[in-house]
Structures are given as structure tokens and as C-alpha cells.
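Per-chain numbering from 1; labels A, B, C and D assigned in written order.
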Amino acid sequence: MKIAVQTEAFDLGAEASALAQGHRDMGAVVTFIGVVRDLAESDLDRMVIEHYPGMTLKAIQAIAEDAKSRWNLGDVLVIHRYGDLAPGEMIMMVGTVAPHRKDAFEAAEYLMDYLKSRAPFWKKEITSDGADWVAAKDEDEDALSRW
Amino acid sequence: MKIAVQTEAFDLGAEASALAQGHRDMGAVVTFIGVVRDLAESDLDRMVIEHYPGMTLKAIQAIAEDAKSRWNLGDVLVIHRYGDLAPGEMIMMVGTVAPHRKDAFEAAEYLMDYLKSRAPFWKKEITSDGADWVAAKDEDEDALSRW
Amino acid sequence: MDVLYFAWVRERIGVPKEAVETDAKTVTDLVAELRSREERYEAAFADLSALRVAVDQELTDFDASIEGAREVAFFPPMTGG
Amino acid sequence: MDVLYFAWVRERIGVPKEAVETDAKTVTDLVAELRSREERYEAAFADLSALRVAVDQELTDFDASIEGAREVAFFPPMTGG
């Protein structure tokens, strides 16, 4: 299991390849990558992500352990960046390795749903009009009721 | 949209990175990688994948077009290998790019469910005991009823 | 018309592809004709529920028409992914 | 006890962290005490439904005890992923 919270960009290719290798009894690997969207109308200059250093790793670790207890998983990866990110940059990734695709997919969705609403990150969008904190969406909170 | 049917190994890192880049209005990228499992008890020497050359690309393209009509997707990638594969080797990958994670996840699961049961590939396992065609699983056929 | 066989169907029949002259109107008619030919066809087509068929590279049913078809393929359920 | 603020709560209160001496027994008591101090606290805590709280780095409710706690943090709903 690898969990990283960092300002640096990560190498998706290297991370995904490392995850897919060395698990010969595991047939399925799922990755999710979150990217800073650049909607034409929003004129986004950059996204600033703040987090709660003392709590973040612990919170993500607890979410990852929950996933491992719910599904048959060989490995779990979570990388989440903070600080300044430009449009098009990768914000974060999760990866799951499992014997079967259903476990790999469901666990990745679970990780994403919980990271959205239970990991202590806050996003601020800086546009030419000013700065705005991204509001949590009701649908993201509602997504947790699925599990 | 990229669809490839090939004997050669593919570079997961390069494919995933290419997919994640150049879609600045798309926030979510999901990839699935299928790997040749090497269960200790099976003593697998290699997997041989046969396909129906005249039909394969068309069948995958139809599945990918269905996915694009059902979900809001920026891009779709399918790579599927055939021929001889060693345990631990990557068999295939799908990738989806979407504005939102729900579309990216669901479309990737849809592609996998249909590739499993509707793309003309057949797997044979060569072990020290002999060779056996992999039987289709009822649960894979049942998975289609979800969509 | 070309008739193609894949996976264990190909192994039982012994060839991947053959040209077949037939007046069969449906896949079912063609199967009946092939089964009457030789033991290896009888063995391959013994249990149709274990087989799938494509006509002109489109997956279809055994009651599908093959009139005018250029290619019919028989194979077990697919195991892609 | 350290009290931490994140995102717009931090911006409204003006500091990311401060030491607070209090006899408050629950988060709700602590909030009441802070609100009575200055206008900027009143502004930050005006709508508790828009806030979340963690005690000693564990997400919890406003009626949670803070007796013996070393760290209480206030912030808006999280927006990770």
C-alpha cells in the first residue's frame, strides 16, 4: 500500500506500471486520475489546494484500510497533491489491484467517493474575476450512502 | 478514440499519460488493465489468445461507440493483445476520459463487461498438465444485464 | 460461402476455415447439413447451447438467415478482457 | 488547546491556528465561547451547518467532548479528489 500527499507532480506511467507489476495472482488493475478542469467559460488561472497536514495521511490511510477490508485487494495506491496546480495538471490518483475486475472497480470508486468528502482537502479556484472556494456538492455527500 | 488489437506488449505508462493529457475540460480518467493471472495451484506456463481478425476491430468499435452514446466521454481507448502471453503480462487495457468521475467509471466498467462477452477473443491456458480453453463464466454474461 | 471455426470448435473440426456450397437458408439449416457430413462435425455441433454464431462478422442467433451471406463463423462463448 | 482553521474559515478568522484556554466541555460550548469573543468569530461560525469539526484529527460532531483534547479544527465540507 502506498499513500502519498505531496506538492510535486507524479509520474502516472511509472505509478501505474509499478502497480500492475509484481502481482501475478491479480488479474485486474484500475486507476483513476483527477485532472484540473479548464472550462472555457471559467477562465481558470490556477487551483490552490489546502490540506490539514496532521490529519490527511491518517484519514486517507483509514479510507484505504476500509477498502481493503471490504474487497479482495492485492494493493492500493493513493497519491494526492496540494499547493498550486495549473489547468490540465493531474491532482491525484488512486489505484487498486485485485484478482477480479469487480473488486478493483468498486474499491476504486469507494476510494474516490470517500476521498472527495472525507479527506481534509479544500480547493480554491483562482480566475481573472477573483478567487472562490469550491463548494462541496450534495451529490458527493450522497454518493457515500451507496456503500 | 484509439482501438488496437495487437500481439505486441503495450506501454501502460505512455498510453495512460497520453489519455490524461490534452483534455483540459475533462476532470476524470479511468483505466483498467487485465493481467495474466498466475495462480500457484495452476502452474500456468502461458496463455494463448485467439481472435477473429475480420470481426474483432469492428466489434470493439461498436462497443466503444455504444459507450460514447451512453455517457459523456471525451475519449475512449481499448488495446487488446492476442497470441502467447506469459503469467504477469498485461493482456489488455481500456481507458475513459470524462468531465466527471461517475461517467468515466461506468463507461470503463461497461467496456469491460462487453469486451469480456461480446468481443471475439478466446483464451487457452497451457499448464504442465496440458491445455484448456477458458470457459465463459455465467457471471460475465449476467453482468451485461446491468446495462 | 466461407465457414470459420474458432477455439475448441476449430480444434474439433480440424480446420480454421473452409468453403461450403449450400442451399441452407438459416444457420440452423447449415448446422444440420454439416452435422450430417462427418463425425467431427457431429462432435463439434452436439450442444448448440455451448456455441455462438456470427454471420458476416456480426454476432447473431441460430435462426438467422444466411441467404447471400459471405461468411459464417462458429465459436464458443467469448472470453475477452 | 490548539484551535485550527482551514479554507474560508481560516480566511474569516484571519489565523490558521491559535492557542485557546477554555473550560468548554464540548465543541458546541467552544464555538459559543469563540463567537462571544469578536465579530470575526461570529462571522465564521454563523452557520454551523456549513462547518465540519475534527477533534484530535478525527472528524466528529459538534456535540463531541473536547475534554483532554489537544487539537480542535474547524473547516468547510471537504473537497478532495
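Operating definition for what follows: a residue touches a chain if its C-beta (ideal position, glycine included) is under 8 Å from a C-beta of that chain, and two chains touch if they have at least 3 such contacts.
The chain list, named the UniProt way, goes like this: A, B = Molybdopterin synthase catalytic subunit; C, D = Molybdopterin synthase sulfur carrier subunit.
From a predicted model like this one, the values you see are computed outputs, not experimental measurements.
Using the contact threshold fixed earlier, the set of chains in contact with both chain B and chain D is A.
Common neighbours of chain C and chain D under the contact definition above are absent. Computed centre separation for the pair chain A/chain C is 48 angstrom, with centres defined by C-alpha atoms. Centre-to-centre spacing of chain B and chain C amounts to 26 Å, using the average Cα coordinate of each chain.
Averaged C-alpha coordinates give centres for chain A and chain B that are 23 Å from one another. Among the residues of chain C, those touching two or more other chains are numbered 81. Multi-chain contact residues of chain B (touching two or more other chains) are listed as 34, 101, 112. Taken together, the chains touch in the following pairs: A-B, A-D, B-C.
By the touch rule above, chain D contacts chain A in their complex via residues 4, 6-8, 10, 54, 57-59, 71, 73, 75-81. Those residues of chain A that touch chain D in the shared complex are 34, 50, 52, 54-55, 58-59, 80, 91-92, 112, 115-124, 133-136, 141. Interface of chain B with chain A (complex): residues 11-14, 16-17, 20-40, 87-88, 90, 99, 101, 104-105, 108-109, 112.
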